[in-house]
Structures are given as C-alpha cells and as structure tokens.
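So, here's a batch of structures to check.
Shared chain: subunit A. Partners: subunit B in the first complex, subunit C in the second.
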Partner chain A sequence: MPGFFSPFITKPDSVSQIMLKVLLALIPGIALYVWYFGPAILVSITLASLTALATEALMLRLRNRPIAPFLKDNSALLTGWLIALSIPPLAPWWLVVIGTAFAISVSKHLYGGLGNNPFNPAMIGYAVLIISFPVQMTQWLSPHGLGAIQLGFIDQLNYIFLGVFPEGIKLDALTMATPLDTLKTQLHLDGQISEILEMPIYGRLAGHGSEMVAAGFLFGGLYLLASRIISWHIPVVYLGTLFAVAGLFHLLDPAHYVEPLFHWFSGAAMIGAFFILTDPITSPTTHKGKLIFAAGAGLITYLIRAFGGFPDGMAFATLLMNICVPLIDAYTQPKVFGKKEQKP
Partner chain B sequence: MTLQELKDIFYNGLWKQNAGIVQLLGLCPLLAVSSTVVNGVSLGLATTLVMAISSGAVALIRNYVPNEIRIPVFILIIAVLVTVVQYLMNAYMYPLYIVLGIFIPLIVTNCIVLARIEAFASKNPALQSAIDGMAMGLGLTAVLTVLGGMRELFGHGTLLSGIDLALGESARSLVITVIPDYHGFLFAVLPPGAFIGLGLLIAARNWLTLRAERKTRGPEAQITPISGDCSPASHA
Partner chain C sequence: MRSLFKFHGGIHPASNKAQSNHKPITQAALPSRLVIPLHQHVGNSAKPIVEAGQRVLKGQIIGAPEGHVSSAVHAPTSGVIAAIDMQQVAHPSGIPDLCITLIPDGDDEWIARESCDDWQAVAHTDLRHRLRDAGVVGLGGAAFPSDMKLYSHKHQIKTLVLNGAECEPYITCDDLLMRERAAEILQGAEIMRALLYAEEVLIGIEDNKPEAIAAMRSAILDGKHQNMEAVAVPTIYPGGGAKQLIRVLTGIEVAAGMRSTNLGVQCFNVGTAYSTWRAIRHGEALISRIVTVTGNVGQPQNFEALLGTPVNELVAQAGPLPDTRGYIMGGPMMGIRLPSAEVGVIKATNCLIAMSDSLFPPALPALPCIRCTRCVDVCPAELQPQELFWFAQSKNLLKAQEYHLFDCIECGACSYVCPSNIPLVEYYRFAKSEIWAQETSKKAADAARERHEYRELRIEREKQEKADKLAAKEKAALEAKALKSAAPLPPAVEGANVSLYDAPVDADPENTMQLKIQAAIDHAKQQAAVSKPENTEHLTPQQQAEIATIEARRARIRELALSSADEHTKE
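For the complex of A and B:
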C-alpha cells in the first residue's frame, strides 16, 4: 500500500451539497402531494423558488455581498420550498410571494444572512402569513376523490394568478378543513374521537392523502439520516416526545384525545421533525442541547394542537424553541477534559 | 434667547436627539398606540403638551428643589399635568379617550418626559426649557405619525381612519382610502409591525446621517451607534 496511510478523512460536504441533498429528500413527499392533491403545489414551489432567489439576490446586492456564491448555496431555495409546502397550494400568488420575500429579507438578511439568523426563516414566513391572512391560509385543497369538484391545471393557474374561477364554481367547493382542523372543530362540538375518525377525510392513520404525504417526508427524512446530513437526536426525540405526550392523554381519555400515530402523520410533524427543526443554523450545536430542544418542540406542538387556538403548532413550537437555542447552548457545553466544571 | 439657540433646540428635538428614533425613549406608548395616524398624533400631542409645561414648571423651581428629592418632585409635577390632560380629553374627546385608554395616564412614566427634565430643564431657564420640551415632544409626535401612517397604510390601506374620534362626526369624510379593496395585512397592525416599522425608521435615519457624514468627511466616515437607555442620568 504505497502512499496511503490511515486515518482517512473524507471531505466534508459543502453547504451547497448539503442543501441540495435536503431538497432531494423533499421530493418523495412532494411527489405524493401532487398525486393526492394535484399539481397546484408545483406552481407554488416554482413561485416560491423564484421569489426566494430574487429576494436573496436583491438583499445581497443591498448588503454589498457577492451574489453568485450565496445564490448557489441553495439555502434560499430550501426556504422557498418549505414555505410553499406549508401554505395551501391553491393560494393567490401574492400569498407565496409575500411570505417568501419576508422570510428571506427580514428573518434572514436583516439578521446578517446565512448562518446568523436566530429563527427558521421558513417558519417566520409561515407565521407572518397565518397571522396576517387567516382566511387565505386555511383554504386547503381537498384530496382527489373527496372534494365536490376537481379543477383542471389551467383553471388552477387561472385562480392562482388572476383570482378567477370557471363559471359556477366557488372556492368553498374545492377546499376543506385539514384533518387536524376538523378534529378540533368536531371535538368542540362534543364529538367522540371514534365517530370523528369515521368521516371520509380520514384515512388509515390520519387524514386521507395527507398521511401519505407525511410518510413521503418520513422516507426523505430517513435518507437524510442515512446520509448523515442530520443526526438522529432531533427527529427521534421530537417524534418521541410527541408520541409520549399524545399517548399519555390518549390512555387517560381515549374519547377526547386522539392516538399518537395520528399526531405523527398529521400536519407538519414529519416535515418538521426531519426538515425544519434540524436546520443546523437555528438548532443547538451540542447533542444534549438538541435533545432538550427537540423535546421542548414536541411538547409545545402537542399543547398547541390539543389545547391551543391553532390546529397545528409545529411552526410556533419551532419559533419558540429557536428563541431558547442560545440559552440551551450556553448550558449544555460539554466539560473540557481536565478542567473543573464552570457555570456559564 | 438668541435665534441660534432656538434653532439648536429645535434641531436637537426634531432630528439630532429625536426621542423616538435616536434616544429610543418612550418606546412603550410609541409601539402600542402607533397603529393609526390619528392615535399616534393624538398621543404625541398630549405628550408634547405635558412635556412643554412640565419642563417650564420644573425650570422655574429648579433652584429651590433639594437634589436628593428632585425625582419625586418632578414626577409629582408631571403627574398633575398628565391628570389635567387626561380630564381634558375625557371631557372634550371622549371617543379618543376610550381608544387611547391606559396610555394617557402612562405619559407620567414615559422616560422621555423625565429625561428632558433631568437633562435640560433642571439646568436651563424656563423659556428655553419649555421650548425644549415642546421640540422633543414634537419630535416624538413626528415619529408616531410616520410610524402610525406606515402601519395604517400597510395594515388597512387607509390613512386618517378614526379622525372622527378626535374631531367629531363631521370629520369622517377626511378619511383617505389609499388602496381600495385592500385585503388588509394584519401583521402591520399587530405588535410585530410596530417593532419592525420602528426598526426600519431607525435604519432610515442612520442611513441619512451616514450619507451626510460621508459628504462632509469622506467615505471613511463611521456612524456612532445609538444607545437606548431608560435611565435619565445617562442623558445628563
């Protein structure tokens, strides 16, 4: 063996490669999304990508930073994709544009750009939209086979960009409440879990269609784990906490608290666990810190879903735990070997 | 009092040491009531009135107040004036009084009032002090107006909405609908809109200052960072 000696050090992935792999891992979920809910999501992803890149370029120019290297790092693209995935696909075009532009400009570049943002930009974009436009943000498409009418692709484009429908069709006929939203409303109306889950919008584990999209994100997340883009700490502990808390309430009162697997495959739990919470910029750097961070996010997600005003709590859980990251990092620094323990 | 002195006091209050975007004092009402132009202007003018009279009053008695108990004495004077303003608004502008609510009595605790008394009125003659209080108050009013205008425009697409609260029913026609059929951007009206709006105003002022500095001192000019601090002593 001339010339080769251990240890062999692999070249670490660049930011650009990592982000590309994350984008790749989103594709199974997006494919299932298209299969169950139609191609409108592809339009919002395209729109979000273009807005993200344009805003990124504009902000870099204003900040006198080199444009090309930062555009090529794919991080703006990922933010755009995550925003597009977290808002209703059949939304007016300005909804996607405002959310993405706000996320990139205010929550990323005003804080100093890639690596300096304390909050997950995509979740800030989502939070701004859900607070500002609650009506447009709850018009979710019904999956194939459940809605009264399905729109063709051209008709969908007409609505997204021009706000017009074919004659005789109203938006209400195309959209429906999400599985989590329906559950919350029905529970308020004194429904029992077992009866509510008989409704046609529910599938095997959670919402019909949306459970498969969540499974797609789970598959992509496992690829990220296998290729060591993310470590196991955050997804496992996040989903574990969500499962444990939901399971506890379900055991105590099965008529009013839905089973834990429903929570896993509803809303943003899966995409959040693998793609959003694991953002290396806005999550803790220490392993112990990641455990605390993920457990807190899981608990808050469940509390908002079960007792809060919003149907899903993933975005707010992420943002609330993002605030705690500097504190968590300060208190979980590993002891340096040979040094006495010091309080931060 | 010379004309130059007068100019300096106004330049200080309106721009150089603007309470809202340079000293960052009085942020609590600034952020809370700047959701519309009318709210902002009303509270700004109420604060200006209190500041002008209390600065003048303190300047008159400044040589007779023992140093150790000056703060309680100043606060007492401010509190009396605020109570007067509160009763006046209650009597003559009742709808506006309801809208502004707790923020009228809270003018007492507004840092900028006490800060100007400590920093200026307790060291200067009465006339100058009263004018300084007025200039500072007008500076704050200007920021409140611009911020209120930004938030109202982005939030509701209107300007001067609620003017009937201040000037009576006949003024309702003064409301300007800038963007008809506006969906509304609730974010601008809610507290985050106030924080981000204020941040943008501060950034804009810093940018203007920096540009002026660069013109006079060349491209190397640096801006001195602003510091917000609620303790009046640090502004003495």
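For the complex of A and C:
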C-alpha cells in the first residue's frame, strides 16, 4: 500500500548503503596494511565484526528493538572495523572483543542506539583499551623486513587465540613501538629530529609501512568526498590545522618538532580525518560548526602528540570535541531563507 | 540574457512528465453527474443560492461569494440540481463538506455572457468584481481568490511573475496550456499587470519545457507585449514554489510571514492568467480547468475537465490499470491522497495520479536520524530539518519555533532524500498543528481568565462601594449629631469637612478602584506587548485554511507518531 501523506516518492538511498560505502572506502588502507604488516589485521577485523554484530543483536534484544533492520544498517560493522584498525593486530583475542563490545554496548546502546550516541563508539572503545591495557596496546607489529623475526600466519593465530609462541620466540622480537611512540621516546632521551628519523623504522614521510597505510586511508577518504558521503569541511580543516600548528612549531624549532607531513601520515590522522571525525552522528551539522569542530580536533591532536602523555592524540581529540558538538551546533545556526541581508 | 539567481538546496526527482505531455489537451466527456463543493478556494465557503430540482444554465452562479475573502461557484454545464448536501470532497481527511450535485441535461446551454472588448475602459474595482463573480482563484494549487491579490497602489509593484515552472513531477497541465493557449495567457497577464500597475512581467518556465517556452516567446512577439519576458529557469524542485521562483527571477527573498507585494512582486500561475482573460474578455466563469491524468493509467494525458467531474469518471477516460490503488491529487511531492475516487474535480485539481505499488512503493520503516544533513543540503528554506525533526519528535515546540519551524514550506525535499526514511514533513505538520492547537486553547484560556479577573474585580468594587456608602452614611449621621450639639461650626471642623469632600483622588475609594483597574489593564497590555506574536495571529486566510487542513490530519499523525514509538518499544 503506498503511503498516505506527501511526499509519495523517495530517493533510493539508505543508511546501510551509506555505511557500506564507508566500509568499502576503508579497503585500500586495509589492503596496504596486510601488504606491509601481514594478514593478522584481517583476523582482528573478523573478530571485531563478529563481536560488533553479536553485541548489537544482544543489546537490541535487551532494549526490545527490532534486530534485523538495525543489524542490516552496517553501522555496528563500521564501529568494529574502526576499532580493529586502531589497536595492534597481534594482540590477544580478548582485547579487540572487549573494546568492540564496550563500544557497542555502553557508548552506543546505553545512550539510545544508532543516532543517539554523543561519542564516537570506536574511539570510546580505543580509549577504554589504552587506559585499561596499556601494555597490550603497545605491541604493534613491525613491518615486513624490519622485525628480528617474521611470524607465520598460523603462528600469529596461535598467539592471538592461545597466547603461545613457537619455541624460543619472544613477543619483543616481533613487535616494536609505533613511529609516533619512538619519536616521543627518543625526544625524551634528548635526541634530535634529524637523527631520530634516520632510524630504520621511518620511511619517506613518516613510519615505514604505516605511512602507506595512511595513504590508503587518504585514497579511500577522497572516494568518500567524491561520492558525497562526507563534505570537505572536516577533513580539510582538520588536516589543515594539524599542518599549520605542526608547521609553526617545526619552523620555530626544527630540531625538536617534526615536520607537519610527518604528522599527517602518522598514527590515526588520516583515518581520523576522513573516517572518524566525519561520523555524522557525533559531529556538528552546520558548516560553520564543522569548521570549528575540525580545527579544535586538529589542535588537540597536535598538543597531545607534542606535549601529552600519549603518543597519538587523535582518539582523545575526537572525544573532547564530541562533547562540544551540541554547543557548537547551538551557536552556529545559519540564517534562514529571506532572513539574511538581501544580496541582489 | 537575463541573469538568474539561485536558491539553496532543491532536488532532482525523476520528472515523469514525458508520459502525459505528448498529447494535446482533450475535452473530457460530459460526466453523468457533477459534485461541486462550495468550498474550493481559500476563505469562506460560497453560499448556495439554488434549490434542489431547479434547472441551471452553464456558467450560472450556484454559490455566491460570502464575506471578504471568498469566491463564486458556478454550474459547469446546464442541468438540474439534484441535491445540496454533505459529500466527500478532495481533502485527505475524508471529512464531508457541503456540495451541490448537478445532473447535466446534455444541452450545455450557456447563461447570457457579458463579453468585454475593451477592458482597459473598465474601472479596476469593476474588473476585480467581475473576477470575484467569475470565481477566478489561483490555479497553481493554492486556490486563493485572485481579485484579492490583484489590488495594489501605484508604484508598489514592479514585477508581475507568472509561474509556469511546474516543478512537480508528473504534472504537465501548465506545460500544455502554455503550448496551446499562450496568447490568451499573455492577454490575461496584461489585465493583471494593469490592475497591479506592474512594470514588467516575467514568466518563469523550467527549461525541461522547451515547447512551452518557445510558444510563450513567439506569443510575446506576435502580441507585441512590451516589458514581458518568458524566462527559462533551471529545472529543480521546488523551483516552482512562489518564493523560489521569485528568488530565481528577481533575486528577492520573501521571508516567511512576509508579503511579496511589500517587496514589489506579485506572483500568479499561468492558468490563473488564462482564466482571468476568459472571465474578463468573454464573461466566462471558471467552470473547467486543465487536469493532468497520469500515473498508473493506459493513456496519460491532459483533459479540460468540468469542475465537479467525479475523479473516477475522468480517470476512466485515460484507462486506469487494474492494480490502481488510490489517487494523488497534485504532484507526488506535495499532493494529497484522495479519500475516495468519487470526489469531484475542484479548482485546485491540477493533476490526478493513479497510484500502484510499483510506481509508489510503500514507505520503508523509518530508522533513527543519523544527522547526515542531506536534508539540510536540499532545504530551500535553509532550515535545519534534522533539528526540527528532533524537536518535533520530543514535542519541544518552543525550540521548534526558535529553529524556524514556520518557515518550512512543506515541499518534502527533506523527506525525499532522508536515508533513514523518516517522514520528516509529517513531523513538521504535526508540530505546527500542535502549536496552533495550543495557541488557540491558550487564547480561549486567556479570555476566560480575563473574564474571571474582571468579575472578581467587579465584585470587590461593589463590596467596597457598599462599605463606602455605609461609612459615608454613618459619618453623615455623626456629623449631623455634632452639628446639632454645637450649633456654631468651629473652623477646624470645617477644614476637616473640606478635606473629606475635596480629598486627593487617590484617597477616594472609588477612584482607587479605578486606578487598580487601570493598572491591571496596563499590566495586561504590557504583558501582551512583551509576549511574542503568536503564529495564529495575522494569519492569511490561506494559512487559516491550512490550519483547518492540518487539524483534520492531526489524529492520523498522532497515530503515526504513536505507532513509530511503539515500533521502538515493541519489536
């Protein structure tokens, strides 16, 4: 039976298609991740997806909501993928499960489910993990060719699920600190930027391998822009602010402040700019608001990276700016038709 | 080349016009009966002036305009009045309204018509009267009495905009009218221009109607019309909304609650201009109109249909397909779903779309809003539809008004693009009707409170007056006693006496009461001045009609809101 009230036609577009396109846009970055760091990340993504869907179903059931339409909206999958991408792939299985389950249950459903969460669920999941399990959260895989030993895929699975390594291999030999972390530690040890970047972990712009993964996310992000899933405001202003602030410090003291492009291609800057900050539910709706939001996030990311206790500041920058969204929206309401100054 | 302006947002739905615009306008067959509502325009219902059983002639007034804002209703053909009673009308509520049923006698015999070769010689007031008596109202869908809109001071209006944009999908009646009867539309425009003292006439036609644009342009040249231009405007919905078309053609933005005439523009549908010409030049009342019959029919086309023609009899001539389930009157974006196919065509019926499940699939269940702001991107009023939705859903009506709920023109662009399939416009209609209902009941409560307060005041005053009288009597008695006891009046007492009668006003109890009353009135006035103007104040008759429409829908919408709430709580 057709509808009763106008409009009687709608554009064939849906939340699940939007979310699906975002998932697709993550694939170039994931592919490069596998290329440089091995297939362990695919295991994390699979684990996160299953956990996300199971938690989503459970929470919907507990909340007496229809399960099928919400499972099909792909939003839980997206949260799972983003969490998997933000934690070390060679981590015990329960790490990704706890992070994802917490993100979906507490930061999404306890706030009212899809559309009602004030904080980005993936970033809440990440924040919980990095605060609760700091040791496991620093076990990043070294890229191919850099680590002392390369672990086979079966051995990786054995570690992820059973916590055992082949005879004689220790975890330390497989993992290393991230490029951002290394930079921070070395600077604390009074290193000079120019010397630090000579270390084998660094590539052309930033971390060897991880810079290419960031480039993959940039590529996917451009696809999102082109298909109008996201608008330019947040990524451009976020990266612009990060570049400007980093550039300013680098100009003032190049020995202790790394160049801005390093920041772009390190850590979660790229995936954050295009995939995390742009989450429509937790970002402002007005154009002006998006500019303020992104600029704030860029500034906080830099401050945490350069002066804070954590190597990367993307997650906390996102969460801090998420809090401000209702306020930003309230104060950036644009003028409506006929109530502006007449232009002609 | 004229430089055009843009309005924000808009959408590009499939136009679906090609189905019905390739055939010339067909004269619809005389129906078996005509059901003519007396209220087919904005304003007061026409008053029936015929009786059942009476024979009437084509063009004879059967409903006389009543009151300031009203319009006449005529017999569309000659025949016998069968009934004057309540019948279903073209309104989604299905609430019956007073209709005249006419059984045509097949003679199609005209009443004596007063033609007019030289309308320029006729006084403007007279022209407006003729339009009112001819029942000419806006044919773009609003059905506002045209005579009311054709009143203006000299030098007030610069531009007369003729709306031939026809931005809604499926509808082609204006397209065909412009192709076939361009010269008469322009003649009507000249009458309108004269009545408004307008300098220029701009005819806005969307560029997906090249034949209509060409026909109008050549008619302008042939008729040697000065300061008149047919302008091709970009095809974008809702580019045919009066405010949007005025913006595109002149750059002027007419804010909500404002009249375009105060900014020097007046806007009419091309069909109205045509009817104006027929009414003035030929003395023909508005008894028929062009109706696009399309959608789920075998031969979509445009008919010239008599007003009152039952929808099913008209659609039958276009061959409705068997899986038709209901009809839309108007376009798919802003039209209404007819409660029954028996209702008569009215002056506002520009299009009838037969619905089927394949052409108009049922709405998908709504998901929560994800704040994607696609609705913001398309809103021609530059609102924040997602915020309005939030406030309407939570019944935060004050906030909804703060976010300009009443600037919403209900074009439906937001609902069209919403990936969560939220019936946004329905929420806005609901919030608007709630606010109107609240304001109406608040007004009633205010009046009752004022009455009560005044009564209290009056009782108090009467009590006081009684007490004063009593006191004065006692005093007089005392004084009389004192006068008796001391015959020569001591000067001190005289002074006291004087002070008693010449006391300053505020000492006088009666005056004190008056002051109190005055203070109360002042206070009330002050409060009235402080309180914001209400949305139910200064409504145009059109808006009042809208309120009535929306009121009728409220029950159904509440149900919708409740059921969607249920969906979330149940499974």
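In the analysis below, the second predicted complex is superposed on the first by the 325 of 344 C-alpha atoms of A that agree within 3 Å, B and C clash if a C-alpha of one lies under 4 Å from a C-alpha of the other, contacts with A are read in each partner's own complex, and residues count from 1 in each chain.
Following the convention adopted for this analysis, contacts are C-beta pairs under 8 Å (C-beta built on N, C-alpha and C of every residue); 3 or more make two chains touch, one makes a residue touch a chain.
Please read all numbers here as calculations on a predicted model, not as lab measurements.
In the superposed model, C is the one of subunit B and subunit C that contacts more residues of subunit A.
Touch criterion met: A:F133 reaches subunit B, while subunit C stays clear of it. In the superposed pair of complexes, A:R204 makes contact with neither subunit B nor subunit C.
By the touch criterion defined above, A:V106 lies against subunit B but remains apart from subunit C after alignment on the C-alpha atoms of chain A.
Looking at the shared chain after the overlay, A:H188 reaches neither subunit B nor subunit C. The touching residues of subunit B, when paired with subunit A in their complex, are 183-188, 190, 192, 196, 199. Contacts from subunit A toward subunit B in the complex involve residues 106, 110, 128, 131-134, 136.
Considering their complex, residues 5, 7-8, 11, 13-14, 92, 169, 243, 250-256, 258, 325-326, 328, 330, 332-337, 355-357, 360-365, 367-374, 376, 380-384, 386-387, 403-404, 407, 412, 415-421, 423, 425-426, 429, 553, 556, 567-571 of subunit C touch subunit A.
Of all residues in subunit A, only 1-11, 13-15, 17-18, 64-66, 69-70, 73, 75, 113-116, 280-281, 283, 285-286, 329, 333-340, 342-344 touch subunit C in the complex they form.
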